[in-house]
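Pasting the structures here.
Each of the next two complexes has chain A plus one more chain, namely chain B in the first and chain C in the second.
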Partner chain A sequence: MMTRIRKIFRSQKVIPICSMVLGILIIIAIFAPWIAPNDPIAVNLVYKLQPPSWEFPLGTDHLGRCNLSRILYGTRISLGFAMLIFISSLSIGLIIGTFSGYRGGWIDHALMRFCDGILAFPNLILILGLVGIFGPGLKQVILAIMLVQWVYYARMFRGMVLSLKEHNFIAAAKISGSSQWKIIKNHIVPNVLPPLVVMGTLEMGWAIMDISAMSFLGLGVQPPTPEWGAMIHEGKSYIRTNPEIMLYPGLVIMLVIVTFNLLGEALSDRYSIKRRF
Partner chain B sequence: MGTYVLKRIMSIIPVFLLATLLTTGMIHLSSVDPAEAYLTAAHIQPTDEILAQKRHEFGLDQPFLLQYVNSIMKICQLDFGISYVSNKPVWDEVTYRIPATIQLALGSIVIAVLVSVPLGFLAGVKKNGLIDHFSRVLSFFGASVPSFWLGYIFIFFFSVKLDLFPVEGIGTWQHLVLPSVTLALPLIAMYTRLLRASVLENMQEPYVLFARTRGIKEKTIMGKHVLRIAISPMITGLGMNLGKLLTGTIIVEAVFSWPGFGRYFIEAIFNRDIPVIQCYVLIAASLFIVSNLIVDLIQMFIDPRISRKEGQQ
Partner chain C sequence: MSLLQVKEVTHSYGSRSIFNWKDRSKKVLSDISLSIEEGTCLGLLGKSGAGKSTLGKVILGLERPQNGQILFQGHDIYTADNHIRKKIRRNLQVVFQDSYSSVNPRMTAERIIAEPLENYEKLTVAEQKRTIVELLERVGLSEVDLKKYPHQFSGGQLQRINIARAISLKPKLIVLDESVSSLDMVNQTLILELLRELKEDFGLSYFFITHDIKSAYTISDTLGVLEKGELVELYGSKNQFFTSEHPVVKEMRGSILAEHPRYRSVRTREKHTKSI
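Our next item is the complex of A and B:
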């Protein structure tokens, strides 16, 4: 048994397995209204703190809401907003990073010093500081994370542009008369894509953790919206009598983050990319 | 070497200036008017006259550059303004709460080092052995588990079920155990991996082969040579992770109702107590910058090649 598990984790099967788990999560997120057995925000005090049953497979919380439905709906918020953060910080980073690397000179210098300034802060603390300034709420949290996270992409893309500028194969392609589109498609994209995919995978994990941590602190998603961190926040008062209310969402967060981490690690091994810590 | 040290110390000044610029600029991003927030917190009916007076007192009617210079001058004197909520100087409030946070942080660093050094070392020495597999599972678990959830799981098992440790509060060493273990787990995960990788890397080095051919005992080679060199990336890791540790204290303090700086910060966010927020962010940044500097300097003393390399560039 153990050796079989070990074999799976060491072989190339990690990537398909993790992709499958992610695929299922995405399907759950999209089809949550059809999959969930109950309304995730319908309060019904008659059914409060029920044990698992056919109607409520994971029981109910202190307001009689179905735990399973809330977890399933929570997938939408976590995955959806993590994706939004990834795409938007990636785009901002892409634009600023390539511009900075391409232009060089004092603009490059000024932009990079600004990035250094942001990187001087531990990132979650800067995010929290920004949330403190903007005020609590999901929108503000997302905005704050985006404002901090783009810096990493900007630096990555700048570095790539600089090193690509130096490479002879780009010059060779130019000299041999390849069109700009062809150079981008055949030379730049294949070089940029693998580290990007790895970074994106790891970023999704962090973003999900950050969003749920914020909601747990009461700064992110506000009740009654179903979100995993917020569920833990609400369930903590019932830890003595009904620990399962906060047990399930935590397990789900862990599953999702393990999946993203395993996938990111397997991908970076495959493409032998150095990761940042 | 002297010039390198000096250069490295000087290099933190612009970063520090940028950090203060960001925290000073923060107020202007906010929709909250500090003068108004102050008056509301102090239960004074805001009239235009008092508002204008307060704005003048806070220096908000001055040009931004002057505000920035003033705030740097004040920070140098450890004057972080007055809390809107308690009406006391922020610095006094902070120094009152910081010892609890330091206690928590030190506790978790001690646990993390005590666990991860033997674990990472043994995992690296016997690759793919039982300990190595255990360390891999532990570091994966540690990196993926949300600490706010883990804290409650600990409370449930060790406080509610087994009644071994108190649920929350501060005072005896029993109070310290659960929070610092919770805080230590992600660190254990990271350091174990770092040390394992570094031990594996060092075992490929020619000096190990040379020592073996000279017939030196394997135990001596590993314990005396490999471990000593392999531990160096861990020191870097310790310094680089002070920021992460600080972030961790915010969450762990919230879970265990630990009366520290992190919980105060969260309270300040809810109350929109901007001077406190600024102060926390700035202290976090300074800690981060200074700890990176110290780590660099320590590394330089351990491995003089670093300063020579820098000198050549």
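Our next item is the complex of A and C:
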């Protein structure tokens, strides 16, 4: 049994399966208002802590809100903002890392020592500190995660640019009369971006975790907005009587992170080794 | 006036940074002077690590030497005005040894060859495509190769694409940095033949860097020998190489294998190479 499961995870089927799961999650995020059976923030204390029924397929929480609807709506925030963090920190990292690696010299030194400084702190602590400065709220959390996350991309981009710079086609492009900007645009970025986008899928899992963790600590999404981490936070007082309130969002977070990690790993297996250099 | 003049060029590698105050630079070129006439080929022989490729880079304008000048048609390529430098750039092209790393793996042959054309010539799409096809045919490839990626070519074919890119702007001088060294014997001969034809057709000059005496002899008009960053010998005629008594040259000559194994013993080798 275990070997069979392991086989599936290692096979070529991982990419289609994970893409399908992701596709379904994205569809849910977009069409949440049509799919959800109930209003996710409508409080009705008459129905509080209901067991699953036809009206509330996953039961209700301590304020009588439909668990399933809240999870479905929560997809929007968790997935959407994780995507936002991913894209924006990748872009910042790409710009700074490529610039730093290509130019070299004291600019490179200064930028990379700054990155080292940020990397020296544990990720979550730094985000926590930044949120402490900005004040609690979803926007502030997103900003804080972005400000920390780009450093990893910048380091990786810089390293790849440095090794790429040694290739003769960069020298040949210079001799062909291409400007610096054109070399970066045509020769460097197309060669460093694909492997890092693959690595980025791994980071997506972290982004979702970070948002959820901040919400769990009460710093991210403010009630009554539905978000998975915040739902766990709210459900923790009822862990003895109604553990399912925490369980459902926890399972969904796990599903998303596992999906992203498997997808990232499968993609990097497929696309990183076959490259020529 | 010579096409290219290298005047007393000295260069060294090594860096000083915040953590490394002491100057630990290593001299790779010392006091090199040579010149290349229009329409001729200067072969530069030397062992690995002699500084041949560094000299190539210095001539190409990729690495500014610490001392000395590179004059191209009388203009210093490092200090000339921008518009003159742009003109010089277009007349100075290169073909490197490793054909795979000299092309972007994510570009088709068409885009590789188009790069210099896009930068210097303002051609329409159709004109550009026609020029590229002509260039491909000139180097022995055909129109079907336009849309292929580097990994679909063999090393020899890819080197032909590099040559096509180098001649696309009709330059005056091409630096051939070990351009045939990584090819097999048959391809070496074919590429050397192609290079010789192109030289006649376009009136090109070559700066041919190599460690292979035979290919240098085949294509060059004049020969230089570089040893540990110093230009030990410079011959106006390549045949002088075989009569020179300089110890470095003698050592090099001794490394040529005889055509027939019978002559490959150390004693008969000297006798044989003298008779070439």
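We take it that the second predicted complex is superposed on the first by the 239 of 277 C-alpha atoms of A that agree within 3 Å, B and C clash if a C-alpha of one lies under 4 Å from a C-alpha of the other, contacts with A are read in each partner's own complex, and residues count from 1 in each chain.
Simple rule for what comes next: contacts are C-beta pairs under 8 Å (C-beta built on N, C-alpha and C of every residue); 3 or more make two chains touch, one makes a residue touch a chain.
Everything quoted here is computed from the prediction, not taken from an experiment.
In the superposition on chain A, A:G177 makes contact with chain C only, not with chain B. Comparing chain B with chain C, more residues of chain A are touched by B. When the two complexes are overlaid on their common chain A, residue A:N44 makes contact with neither chain B nor chain C.
When the two complexes are overlaid on their common chain A, residue A:F169 makes contact with chain C while staying clear of chain B. Of the two partner chains placed around the shared chain by superposition, neither chain B nor chain C is touched by A:S88. According to the touch criterion, the shared surface of chain A, contacted by chain B in one complex and chain C in the other, consists of residues 277. Considering their complex, residues 17-18, 57, 60-62, 86, 89-90, 92-94, 96, 98, 100-107, 115-116, 119-120, 150-151, 162, 165 of chain C touch chain A. Considering their complex, residues 6, 113-114, 116-118, 120-126, 128-136, 205, 209, 212-213, 216-219, 229, 232, 236, 239-240, 243, 246-247, 249-250, 253-254, 257-258, 261-262, 277 of chain A touch chain B. Interface residues of chain B facing chain A in the complex, by the touch rule stated above, are 14-16, 18-19, 21-23, 26-27, 29-32, 133, 140, 143-146, 148-150, 152-153, 155-156, 160, 190, 237, 240, 242-244, 246-247, 250-251, 254, 265-266, 268-270, 272, 274, 277-278, 280-281, 284-285, 288-289. Within the complex, the chain A residues that touch chain C are 109, 167-169, 171-178, 182, 186-187, 190-191, 275-277.
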